[in-house]
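Got some structures for you, see below.
Two complexes, one shared chain (subunit A), two partners (subunit B, subunit C).
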Partner chain A sequence: MRAGGEDFEFEPADLVRAYIITKGRELPDEQQLSLITLVTATPEEGRRLNRLTPEEQRLLDICSAGYLSVAEVAGHTRLPLGVVRIVLASLTESGHLMTRPPVPRARNADKELLEEVLNGLHRKFG
Partner chain B sequence: MTKYTADPLLWVLFLVLAAAVLVVVRQRKASAALRQEISGLREHYTDLEHHYTQSVASAQEQADEATKTVLKSAMRTLQGLAAEQQLILSRLQVKYGESAILQDLLEVDHTNSQFGRRAQSIAVLCGGWLGRHRDIASVYDVVRSAQGRIRHYRRVEILSQVDFGVSSRAVEPVALALAELLDNATSYSSPDTVVEINIRTVPKGVVIVVDDAGVGMNDEERARAERLLSTDRVTGVGGLGNPPQFGHAVIGVLAERFGFEVSVDSSSPYGGVRSVLLLPHELLTAVPERRVPVPAAAAPRPGAQPAVQAPAPAPVSRPAAQPAALPAAVPPPAPESYGSTEDGLPIRRRKRPMAIVPTTETAPHGAPASRSGEQTAAILGAFQRGTRSGRATQRDDEDQTTSTRGASSEGHEFS
Partner chain C sequence: MGSTASSGDRRGLTTDAYVADGATQTAVKILVVGHFAVGKTTFIGSISEIEPLSTEETMTQAAEAVDDLKGVRGKTTTTVALDFGRLTLSDRVVLYLFGTPGQTRFVQMWEDMARGALGALILVDPERLADSFPVIDLIEQYGLDYAIAVNHFDGNPERAERALREALDLLDETPVVTCDARNEQSSAAALTTLVRYLLDRAS
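The block that comes next holds the complex of A and B.
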């Protein structure tokens, strides 16, 4: 009925589509989870790992070693960024992840003060 | 005596008698001939009737064939377009992943999947093209794929998973058949109820149980469904009713063609229908390694063989973990590796959920006591070689730190 080679016309698209991975959830608020929000996994107790989808498990694994920004997490997957944000938001809601607002940008230190310190050190040890 | 013989009345009587006999004989003959003729005619009639039904049947068959051929090629075009659109949508989703358009793109994607499924179903009934070739996928992913092909996918809940994969030739048919079951389950139950999927291992293979909380089927519907699922179903698109009900007919064709079993004869504990799809061992494999992710920009490669894994994007970092320099195209069969990141770095799961085959090789915890000196030396030697090669590749990696790839997934550990 079907010749074997007939099936190979198209590059197969993903078997599991992105809207299934997000389970049809909406994009989270920009304030709630922006690109530079930091996320990390919460301690393991009290979590039910078996109920996670493979994608959630994977994102959790990526986040398990320390704080990472949302953008960085997304970079490690091949999922669209928005999809990663949705899944991360749902993981946060279910208590698997903690979020922290982005680290504020470090201000430039006072150059004169630094020079004074340097001079003082030179005087003392040099 | 002569008195009697001379009696003319007697003669007349005689004559009349003779004539009567003659007439009777004649009549008999005639009626026999008539009867024969009638039976001949009857035979002829049945013959004609037979011929007639035959020619009607063959004409119908021809018409069916013609319809099937036309539909088949028409659906093929539609399927191709849906598949193409799906690829475009995948690309767009990555491209506009940061913007709010993504939400709409996901919705369009959902509609497109349903559209593709409809075309696929009709094609299957016409004995046509099923769709794209798929790689081996886990049972869970096949179920989720099926979930994505129906309108009310949000109402479907997958409650359990098993550690099995579906062989590549069965991925698409099983997903399609299950999608039809889910479509029935969600269409014939009220919109605020949940359709549950349970995946379980049984001695004969793996069953996927779909329970809905609808009104169930009456005897007539049940009989119809069972007939469609059995082998003596209607073929083609005729006899599907108006509006046509594709579901069970499609499932029946697919189950027969690919060798899985579907039954809808039990009722769900929630009052609706319980459909059970049994995947025999022939269609099952081990859980597939997660595909080496292909950068989405490179996704539409025309003519690429899907069976061939995309080459590992970072062959440099692979040998670091595995000094035995495996060919890049073959993913190393490391059981604890849970796939890899964009950079080709393996991601490891901390816990393996129940393995199919228990690893009997691992010795109990008391084992180190029984190691011989040679074994200990060998282990220490291996450790030393490992750290040395690790340090060697570390230096290689440091050379690369200017590139983005060098800023690998491990980066955050050192920050």
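The block that comes next holds the complex of A and C.
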């Protein structure tokens, strides 16, 4: 964890590197790959047989043993969130990943979710 | 710094790192916000089931900077680190807590964070109340419901709470709880207060 400051300067070299990793692609749809969208690798049958970039392979590997949120993938790989989003979008497009976006907010769904959250907190912390 | 790949993930992640029952989970998030050094990271660390992680929000700014690189070189872009933690609450709901600093200039990040959040817990240091004004403004601007968790309470808590409500111009209904962010039970109680309030508002 970074000590002290909460923001810092991002070097141009990093930006160029980020651009290369993402092949200059556009940012993916924000809802589909939100911070808390859960992602996991698909079974191999459904995948397009394209060659993966090293970064794609690395992220796919991390997603192969279960579900992680987009934010967690970024946290574990220490790649900038924007880069992770783009690489994950590419992997989703080629059938390597599936995503579980959070449910859209709606009053009824909210109430049920909040009840579940509250009960869960009680179970966990008494 | 920060964005260079570490060997951390090469060893692979332990089973604990993954979301249990991921195939059935709905992910929700709550923001833990406040000014610098108010205790956000500490709070998340106290109750998260995973070692708190940190990530950087950069890409929108990076994309602009990439365009700039065609012309002007040597431009730097400011980015911001977010801390977050996770609480698996059942086989249906997994809660993420995002620690979000109060700087108003990170508009893109705030939009990302606020979108779809259930609500926000605003950590407040009564010795530095004015530092909390911008954060509270932002949370209200994004239309998020919130509760206030006060980190240190000296003297008479009741009088202190009244003064604090007045200083922060809080609605009567807005919950105010004291909280030691270093303590798991105390942090969990503050979070529970917020969720109960959110549930009241949703009913």
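By our rule, the second predicted complex is superposed on the first by the 81 of 126 C-alpha atoms of A that agree within 3 Å, B and C clash if a C-alpha of one lies under 4 Å from a C-alpha of the other, contacts with A are read in each partner's own complex, and residues count from 1 in each chain.
Note that contacts are C-beta pairs under 8 Å (C-beta built on N, C-alpha and C of every residue); 3 or more make two chains touch, one makes a residue touch a chain.
None of the values given here were measured: they were computed from a predicted structure.
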item: Touched partner set for A:Pro80, first subunit B, second subunit C, both or neither; value: both
item: Which of subunit B and subunit C A:Ser34 touches, first, second, both or neither; value: second
item: Touch count on subunit A, higher of subunit B and subunit C; value: C
item: Touched partner set for A:Asn119, first subunit B, second subunit C, both or neither; value: second
item: Which superposed partner A:Gln57 touches (first subunit B, second subunit C, both, neither); value: first
item: Contact residues common to both interfaces of subunit A (with subunit B and with subunit C); value: 1-2, 6-12, 14-19, 24, 27, 35, 58, 61-62, 65-68, 72, 74-84
item: Subunit C residues within the subunit A interface of the complex; value: 1-6, 8-9, 12-13, 15, 17-19, 22-23, 25-29, 36, 41, 47, 50, 52-63, 65-66, 69, 73-84, 86-87, 89-90, 92-96, 98, 101, 103, 106, 112-113, 115-116, 118, 184-185, 188-189, 191-192, 195-196, 198-199, 202-203
item: Touching residues on subunit A, where the partner in the complex is subunit B; value: 1-2, 6-20, 22-24, 26-27, 35, 49-50, 53-54, 57-58, 61-62, 64-68, 72, 74-84
item: Interfacial residue positions of subunit B with respect to subunit A in the complex; value: 80, 83-84, 86-87, 90, 93-94, 96-100, 102-103, 106-107, 109-110, 113, 127-135, 137-138, 140-142, 144-145, 147-148, 153-154, 161, 171, 175, 290, 293-296, 299-302, 304-306, 338-339, 341-343, 347-351, 353, 409, 412-413, 415
item: List of subunit A residues in touch with subunit C within their complex; value: 1-2, 6-12, 14-19, 24, 27, 30, 34-38, 40, 58, 61-62, 65-69, 71-72, 74-86, 100, 102-105, 107, 110-111, 113-126
